[in-house]
């Protein structure tokens, strides 16, 4: 029995136990123990992260002449450890005070259901990651979709429910595209094994590859929320209960990336994609995919900029950050793909932390609406600190880990000489910077509302995971080599050349990156700044924030003077027209089309003469039959 | 086809019956007439079926009727089949007739269009989508005459 | 191309480079104000006026702080530039330029704005917030052409290391000759980056009560003055390193950097202020176009 | 619009069927099955009327099915119309006499019709005719009084029993063969029902018995159907 | 094996006798029906598995196959012969008010359905099909008995159904006439033997089209399925479940028999593909906008039957296997869903929060719906996978379209089914929650049973696959069919040549039935 078997057994056991006892108080402790045990098992497999051998599960299934099998390689392990860690953090987050308040608001059963949903998500993702052939990949894929749906459907809010429905329709569409692609693979190769596809893909015609890639990619892109399938994700993730949002936001959508890695990179091969030119354009398939990534970094980011709810803003960024990962993977060098992969890890750390901070804010204040927040920094300084750490990561600024992965993506684009993609990525980053400032400003800075005067720091059970995540962000930012070990192994498993790195960063002849130095220098600079500020000059006097005036008015607690609504008004006004609802309109158009067709069909079924259809179909079919002969 | 014989007339007749019956089923509004058209249609089909065993020079397949020994007989099978088919038709027609009687009583109409509308309304009421009070239109705005 | 030979040399560089930058920055501030004065037919401030300003602000009695973040904002604003300065090679001193490179440097240049933004946010003054939202929008406006230029340059030199670029230029030809379009676009971006006329509406007097600075007094303002000197210095040195071949020796270096800042300083008073939106519009139009064409040439 | 399209499609159907007809072997059908049966029937089944042989022997299960269809139709009609007619029958016993000539003529016709009906049934396996035809005549015989004397009721219970037993009889005859280890509905087996003499009334094994069952069944079903339907409008008129 | 004919005969006998028996003892009549069903089940289970290797034919009346009518018993017919009494038993109208004639009709339905799957003769199939049709009209009409709720709707719906069905039957009859004119025989095995020579032409194809359309009425084939929403909307869910679950599949089986044996032409298959895929998409589209559960399930049933047609239209054994899988799956799931829907009448919005009221039922519903959609570990997924995978391996473009249609339809299906799930799990109770009908016990038993079977199949998917594929192989093997039916042909020939020795022949037991 391999460790992977143990993982699966543990998953099954955990699901069973949780299901049986989900109404009982104290289930959260059990859940934490479960994730910790899972993490332990994964660490037992950590050889994979350092170039170990693939681990197979002894369980397999024979069907349709296919052998379904499950195994872990370095890529799976890399994603799996992020998944399980996210699960653990979410579980810890919801184990304490947050859980109590959730129970009070809803019920024991509802809380148990949330735990089950989280566990099912983790389990289904592990099954997906362990898949050893297309069919098991698809099975895992569907399981993940349904588990996420369950999680999203837990919020009784109307908007959340609509988002969940929307999600399931999108997910189903994606799954169907995947299924179609899989069916074509079977049609071509007569098998669903990875190896067969990898072998056959070399001999496929361009048209076939385009069709296959398009179908596969559509399926995966929907999960990842890539352009033009980005509409479902943000609302769905944002409206999930906080620990759910933490988990889904951190890793769920990345399953799409995993599938892209497996199918498009491992099986079909990037080089192969690059050789296929799209007819009538000067693009090849690889550039198209890269551009999808680039556009995904831009459009959702600027949609995020518009949001007026912290959760939505973050979730939209989640969509946008997916673009960097894809963009990184679609570059043709090892640095870029390493950047893309590293970004998965980094992103998970700060996105989880960000959702946790928002969760903490909601826990204390009951809202994430920017119009109803502000000035919480004095009340919740630690939460604020975590948020600042995380937004530095999200914006990709030094010294947090987000910077490293983004740097790698930029650097690889530079190596490839892709100016437009580079510019697109930068536009996305700048948008992110603006947007995260809006986030931190509107929640923590500015004027504190009267009703929040007595808000206290988030409870310890919420703070601990956040602080740990913040520490991880900083440590892996300063020493990216820790994670790059895993990334390099994953790259090897993907059949790419691993990136050259050291503990501090990337080694590259024409300008590398050493985060240890950069961090030190930054802190040196800050130290100098602090000296200039604190040691020189007189002592500053602390005044209350209402001791303030604007435009000749004294700002008092009665008058709300927090500038949060319509932040960046000028910018929005300027760029609003560029993306104003065109995708939404497309989506609506499809719905209208379906509606129209549905109405037409219904009218057909309501024909006055029951026999009319008989004669019509008889005449038409006889006509077509005789047409073949005459 | 070599020479058109008497069977052409038969076949044309059968097809004619079928087509007339079909057109009748489609075009009349009165359900009773529709039933009559259905009878014609079935008659046409039966004729076609019995023709499938027809021989130009054949005689009835009855041995005791004093045909010459070598005389070709018509196929007995379709005749048996048609007998069956006719009886089946009778059963269906009787059932339809009974239904029409009851529908006339229930809906006070024999017009297929009206019957359908009332039926749709009833179904909608049954399923609770429409309240019984709302008049004749089964679905607000969604109604079309076929 | 080792940047330093021993720890002591490094420590010396760490000490000297910011100091040098500060001093040169002060001179540039003075120069800026002089140019403005001359253009307006005034005499302008005396030589030590920038120093006086800082000293005065630091020594004020009323120093109003709105909280820790308010303080940290200033610290970050200054510290970010200090760190950036160390990544910028000057003649004889490379700092740790080869550990970061141009991309890192570009990111470092965003840190001060964000630090200041944090500080302003803490003040809870809506005017400050509005101002900072405009300031960040302005940053978005000039950073895009700037990044494109950076990309073009890095692509041209096949390196992201500033030291490498300077060596290459000194061995071959200045970047401005090899990439004139990029250089022009870079100049445009530089104008925005310096936060001076005509792209300074967010700090302009009489525009919503001085914008981000509204709650800054005493040494807070002083800190920002310090930052301003660094800002001039960094902008000019960066441009010099990218396009003018850096400095082989101190004389050449100084000449170049003062020449570089002189251009935008002179231009700045010739145009009326742009509104934030207009600034975005113009920045995303002309310099971006120039830079992209420039890149096309590079490729 | 509907009429136009109906005409259009009907015309299309006519054309297509004609085209189809040209493809068919008119009047020269291969008659594979027919020839075999024509040759084998006299010996295998021993009927003079080969159609009857096909109907009851070769395709006996078809006939059973068709009886079942009639039964089903009758049962369904009974379900639809039957119940209320019982009510009305109880309340309304008035029998309207029709004209003297018709009523007397129908009285005279009835026994004649019954005799003719049974004759046709019993000679079904020898001459044209058989259970269906005879059954219809029997049904008419019982329906005639209802026509001539509107309001007359026929005992539905009787009809039910006759149709049930006749149908069961058909099946029982079939099962009888199975009792002897023969396939269902085999017309000959080693019982007292011998082979008989070809062309005589007592020939063709169980076929005459089957025809009797068919005749009774058809008669009862049709009579039941006709009576039920004829009773229905009276009930409607009364209620409205 | 000889006793198998009793599966058809005994219900008929019971049907004939029940009304007469009811005059003396109502109880006896009711018990008779149940007894017959149990006997049928026992008979079939006693021979279960005996045809796995070699199918068996049974000559009724002991006549030589092409002349007499044969019953053909293979895995497929045996399976359905078992399913029919079981399903009828499950949906038996247990209540006291049911008229004895309705029981009688149920027995007729059983008989005709069994005959339909067993028969090996084209015209005989027609007769049984008609019997099935008339019995189902009768059952629909029985809903319209005086005083019942929705009486008028049931009457009108059944009249419209009847007209449609009658026209369809005529089409089928014309088709049979054409086949007989062409080939001169009606025995399926004989026709199969002659088909390559006689039916592989335009006339043959036309005959197939006519038969397809005729039988398609019952099989809910697009576009002759306009009766479906009307009838299902008017009758009780019990009957809807039976019709959607069982009766439609029987008609499909007929088409499959005819198709496999008589018309292996690709055009025939493609005609079916086109109609099937239009059925899939149109059914799901309308279901998407329907506002109550029954109507939604009716249209979903149309869609699923379209899927069945698409599956069966794939050439080769794999297509058959896919078809069987999806047909059996639908047979299992749809009746269970109808059962659940019977307690959830009224507009969908009124079901808000129904899960809170009855969590178990809602959970069942979710499970069934997931399987219907094809969510992986559940059997529906494997069925759908078979279809999709085999569609994609076909070269003809029509199959690619069908693939696209099927997948798009699945998305639409997901949209509306999950809308319902979300409504069920709505946190707020709808206005009509209090007046909602309760589910009856037998409905829940059936639905739970279906769920249990689903899970069991999901766990035993490998053995199910073997079973299905062996069934498909046997069904798809024309030569096997011909050989089985004509296995005693030598004997018959001997007899044929020596007509003198009639009596010997008659005493020869070997001819009659096979073993």
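General observations
All chains are identified by letter, namely A, B, C, D and E, in their written order; residue positions are counted from 1 within each chain.
By definition in this document, a residue touches a chain if its C-beta (ideal position, glycine included) is under 8 Å from a C-beta of that chain, and two chains touch if they have at least 3 such contacts.
This is a predicted model, so every value here is computed, not measured.
Under the contact definition, subunit A and subunit E share the contacting chains B, D. Number of steps on the shortest path from subunit B to subunit E, with steps defined by chain touch: 1.
Relative to subunit B, the most remote chain by averaged C-alpha coordinates is C. The chain with its CA mean position farthest from that of subunit D is C. When C-beta pairs in contact are tallied for every pair of chains, the largest tally goes to A-C.
One inter-chain figure worth recording: subunit A and subunit C are separated by 35 Å, centre to centre, where each centre is the mean of the chain's CA atoms. Inter-chain centre distance (subunit A to subunit B, centres taken as mean C-alpha positions): 63 Å. Centroids of subunit C and subunit D (each the mean of its C-alpha atoms) stand 106 Å apart. Taking each chain's centre as the mean of its C-alpha atoms, subunit C lies 80 Å from subunit E.
Multi-chain contact residues, meaning those touching two or more other chains, occur in subunit A at positions 599, 602, 606-609, 611-612, 615-616, 618, 622, 626. Touching two or more other chains at once are residues 2, 6, 9-10, 13, 16-17, 20, 29, 31, 33-34, 37, 58-59, 62, 65-66, 69, 72-73, 76, 80 of subunit D. Under the contact rule stated at the top, the pairs of chains that touch are A-B, A-C, A-D, A-E, B-D, B-E, D-E. Of all residues in subunit D, only 2, 5-6, 9-10, 12-13, 16-17, 19-20 touch subunit A in the complex they form. Chain contact summary for the complex, subunit A toward subunit C: residues 374-375, 377-378, 381, 384, 388, 395-398, 403, 407, 410-411, 414, 417, 419-420, 422-423, 426-427, 430-431, 433-434, 437-438, 440-441, 444-448, 510-514, 517-518, 521-522, 524-530, 532-534, 536-543, 545-546, 548, 550-551, 555, 561-564, 567-571, 573-574.
Of all residues in subunit A, only 61-64, 135, 138-139, 142-143, 146, 149, 153, 156, 161, 164-165, 168-169, 172-173, 176-177, 179-180, 182-184, 186-187, 190, 594-595, 597-599, 601-602, 604-607, 610-611, 613-618, 621-622, 624-626, 628-629 touch subunit E in the complex they form. Chain contact summary for the complex, subunit A toward subunit D: residues 608-609, 612, 615-616, 618-619, 622-623, 626, 630. Residues 2, 5, 8-9, 12-13, 15-21, 23, 58-64, 66-69, 99, 101-102, 104-105, 108, 111-112, 115, 121, 123-124, 127-128, 130-131, 134-135, 137-138, 141-142, 144-146, 155, 174, 178, 180-187, 190, 194, 198, 201-203, 206, 496, 499, 502, 506-507, 509, 512-513 of subunit E are the ones touching subunit D in the complex.
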